[in-house]
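Given below, in the form of structure tokens, are the structures.
Each of the next two complexes has subunit A plus one other chain: subunit B in the first, subunit C in the second.
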Partner chain A sequence: MEAFRRSMSGLHTWAGVVCSALLFAMFWMGTLSVFDREIDQWMKPQLRLSPDVAADAPASLDRTLQPLLAELGDRSALYIYLPKEREPTLRVGYDDAETWTVRHLDPATGAELTGPDSLAGTGFIFPFHFSFHISWVGLGYWIAGFLAMAMLALLASGIIIHRKIFAEFFTFRPDRKARRATLDLHNMTSLVALPFHVMLPLTGLFIFFSIYLPWSIALPFGGDTEAFFDEMYGTKTVEAAGETAPMASLDTMLAIAEARWRARDPDGTVRPDVIELHRWGDANARVSVQQVFPARAIAMRRQTITFDGVTGAILSEYTAPPVRTAHAWLAGLHFIQFDHWVLRWLYFFGGLTGCAMIATGLLFWLRSRVSRRRGADARFWAMQATTVASVTGIILATGAFLVANRLLPEDASFLGEDRAALEVWVFAMTWVAALQHAVLRQAAAWGEQCWVIAGFALAAACLNAATTGDHPLAAGAAGLWSVASLDLALLATAVVAGLAARRMGGSTSRHTRSPTVAVANTNPEPAE
Partner chain B sequence: MATTRPLLLALRIVIVIVGGYALMAGFAGLGGMGLARIGMAGSEAVLLAAMLSFPLYLGVILWGFHERSLRRIALTIFGSAAVSVAFALALAPPAATG
Partner chain C sequence: MISSIVCFALALAFALAGCAALAVSQIRNWRKVMGTAAAAPKSARRTGWALSIAALIPCVIHDGVAFAMLVWPLMLAVAALAIAMALAYHPRILTPIAARFRQP
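Our next item is the complex of A and B:
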């Protein structure tokens, strides 16, 4: 067992040093993605509809969608997302020359909600989390998958090397030397949410299984991956007939679907929420009415009814078979699309705990390198700068992203980049600047970047009030709970970051300030 | 760690990560084909096998960084990968045309 602990200790250290910076980025963006739709509403004020108002409006889909459908025509796939509490708009998504395009309509009037363009939560933060926005040959997905496996290896090896797991659950000695306290915090944040930390990378891998195992899944289908997906999701790709035909009523199809599902599930929480239109306007048109995001269940996308677009007759019905249901349930644990505010906030704080786990792991490694009489060499300075940039750096870059969103004019354009892209440039350049700052200032950068985070968070909240008038009191009065909560969260972040900055400014670790001081102050520490 | 020389470590990393991935794909393929052959629907079979292959990969990683002998991990990992891929291909229907 001792030899196993030693080898796992080596694996844990090596994998941690190599992967932690990117893992923190994944965890940070993933944590924010819990509230990606709320961030959308904050960053795109045109989407700020009160969920109470949207719920009251009985929307005739035929009427509200007619102008947009006339414009978009017979694409192979158009996705209509019906309004729900976290996203009170009617959303239409489609591929426009390989680019995923999203448009929002007011569900009551059908008017398109236009305004300053922004990738916001669902367009920037959420995809960053699983692909780092690297789309070249799908490399981003593979990096995410590699990191997910690394995370599982880190968790497994971390559990194996612990001698006193139960004691460590409750051990936090902040009064002891910084290195011991850091390790205590690392152990505690790992253990207190361990099932959560294990579940997320594993279910993340399950979600992308078709990307990582393309050969294996196509084997029983003679190499035809399309056939695999058609069987798994109960869909069939549709070819255009080439002749136009009048389309049947979407409202009728929705009502039929709802009645059939309710008959099978009298508790009545099964409602259609996504409609796929295939070749709308063509004689071969198909309409798939799906229940993808159940309100009170975890498993996603289990019911689909496909209608003929011209006659409105039911062509096929699909209910997910057992393994697919289990997979959908496990994926649903990761996607958290169900309606449950308590759980959603728990996921958020669990994610923050994961971020703390990764950050304290890196910090502990940094402190160990110095105290083991190796002193601080160039590799140490590089690693310390990388750590600061990976932790406080990406957080303050996110703050800059929010501030830029409030400051950039609607028609902003620079060197050919549109407004949404410019916001991303601000994020990227701020992150680079944070790295440069960390290289120059080393340990002092921690406190200084915390001040910047506090500043950006406060500025973002104030700018929201100044530019949209939806400060927390006004937003609350209008029923815009997501906007009010985000502003309050930003203010809380400013306070926490400010307190952290003050604490760090007063006691910059002697171990990490400069080489000579570090060596002079090194005490022999018991081996961990 | 079982070795101190950087080159051997790099080799171990490649064997474990690349070979382990090949083994995972082979296991998912063989498992999926096997389950499909005994009557499970194709999509169900590969889905189950695919999900099980991830914990398998984790096990390979842990073992691969513990076992001292590079030769043993290379033979075991690549050997198992080759065998599972071969059997999966043997069981699979011929490739669809077009």
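Our next item is the complex of A and C:
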């Protein structure tokens, strides 16, 4: 048993050292993704509509969408997302020459909501979480999958090596040596939310099963992925007939769909939320009215009714088969698209706990190396710099991302990069700068970067008030709770980061001085 | 809205009480909170488990079993962290709770 525990300890240490930097990035971006739509509203002020607008019955969809549909013509697929509480705008998405394009309309007036372009939460933070924006040969998905497996291995090995789980459940001794306190915190943050920490990587892996286990599709469907998606998701590709025809009313189709679903499900929980238009304007047009994101169910079950675009007659109905529903339930645990504010905040708290777990794990490893008197070797300096850059560095870079969003002018462009791309460049370069800072300043960088985080968080909240006028009181009065909450969260972050920076400001030690100073002290003639 | 606040406040209250009782049922924490060298009473542990599980009930009433099985463990996580922080920085906060289990 002892040998097994030792080997699990070795696994835990090495998996932790190798993977934690990227794991923290995944967990941090995942935690923020809980509120990705709220971040969208903050970063793109043109989308700030009060959710009460969505609550009122929307104006006629036909009238609202008519100008946009006339412009976009008969694309093979056009997706209309009906307004809901977390996203009160009418969203239209389509592929424009291989680029996914999204446009927002005011659901009441039909006016297009234009403004400064930004990738924001759903375009930058959320995809960063599951692919690190590495799309080359899908490498980003594979890295995310590898990290999820590593996380599960880390959790399992952590449980095995932890001897007294219940006896030490509530143990946190900040008065003891830093190394002991750090380990206490690492154990505690892992244990209190252990079901959460296990469930998320596991469900994350399930979401991308078709990437990691393509044979699950190849064998039953003979490699015909289209047949697979048709059966599991009820999608069908539509060929254009080439001749135009007048289209039936979308409002009528919505009403029919709602009535049919309500007849089957009297407490009215099944409502349409996505409309797919295929070859709109063509004689072969199809309209799919779907429910994809149920408000009070975990499973993102899909119900679809497909109408003929010209006559408005029902062509087919689709309900997700049992296997698909089971998968949708597992995916729904991860995607959390249901309406439940308490649970959403609890997931956010769980995510932050996970970030704390990873950060304290890395810190414990660093402190262990210091206490073993390994001294100033290059691997320690490198690991310390990497740790600082991966924890405070990425948080700092996110703060810079938000500040840049408020400062960049609408028509910003530099070296061929548009405004949205420039925001991402600010994020990336700030992250690199944080790494360089950490290499030079070593342990002192913790406190200094905490001050920078506090500064960016405060600046972001103030800039929001200055540039949009939606400070928390005004936003609350206008019913813009997401904007007000985010500003308050930024202010709270500034306070916490400031307190942390003050606590770290005092402590320096021989082992944590930067390598240049240490070398200069021992060697009177500098190498250069 | 009010029913939501009541249900979740009740769940959190049960969770906090349950975690506090479980925490003081451990010898190290009992001694820290009570300041004595006596053993921790068994009733604290039983009550702690009961209260922690009871926190599930308001969650089920409000949302049904499916959502409750997601809300409840995370609610317990919040409570456990809060109690651990209280033990670390202000152990005396838990004295009233521990006092209820003290054997005469």
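One rule holds for everything that comes next: the second predicted complex is superposed on the first by the 504 of 528 C-alpha atoms of A that agree within 3 Å, B and C clash if a C-alpha of one lies under 4 Å from a C-alpha of the other, contacts with A are read in each partner's own complex, and residues count from 1 in each chain.
The rule we apply is simple: contacts are C-beta pairs under 8 Å (C-beta built on N, C-alpha and C of every residue); 3 or more make two chains touch, one makes a residue touch a chain.
In this text the structure is predicted, and so the values were computed from the model without any measurement.
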Clash-or-fit label for the pair subunit B, subunit C on subunit A: fit
Included angle at subunit A between vectors to subunit C and subunit B, based on C-alpha centres and rounded to the nearest 10 degrees: 90
Which superposed partner A:136 touches (first subunit B, second subunit C, both, neither): neither
First, second, both or neither for A:340, with subunit B first and subunit C second: second
Superposition-derived comparison: subunit B or subunit C, residues of subunit A touched: B
Partner chain in contact with A:149 - subunit B first, subunit C second, else both or neither: first
Partner chain(s) touched by A:205 [first = subunit B, second = subunit C, both, neither]: first
First (subunit B), second (subunit C), both or neither touched by A:353: second
Contacts of A:231 with subunit B and subunit C, given as first, second, both or neither: first
Smallest separation of CA atoms, subunit C relative to subunit B, angstrom: 20
Residues of subunit A that lie at the interface with subunit B and also at the interface with subunit C: none
Touch list for subunit C against partner subunit A, complex: 4, 8, 19, 22-23, 26, 28-29, 63, 66-67, 70-71, 73-78, 80-81, 83-85, 87-89
Touch list for subunit A against partner subunit C, complex: 167, 169-175, 188-189, 192-193, 195-196, 296-298, 333, 338, 340, 342-343, 346-347, 349-350, 353
Residue numbers on subunit B that touch subunit A, as the complex places them: 1-2, 24-26, 28-29, 32-33, 36, 40-51, 53-55, 57-58, 61-62, 65-66, 88-89, 92-96
Complex interface listing, subunit A residues touching subunit B: 3-4, 6-8, 10-11, 14, 149, 152-153, 156-157, 160, 202, 205-206, 209, 213, 215-217, 219-224, 227-228, 231-232, 321-324, 327, 330
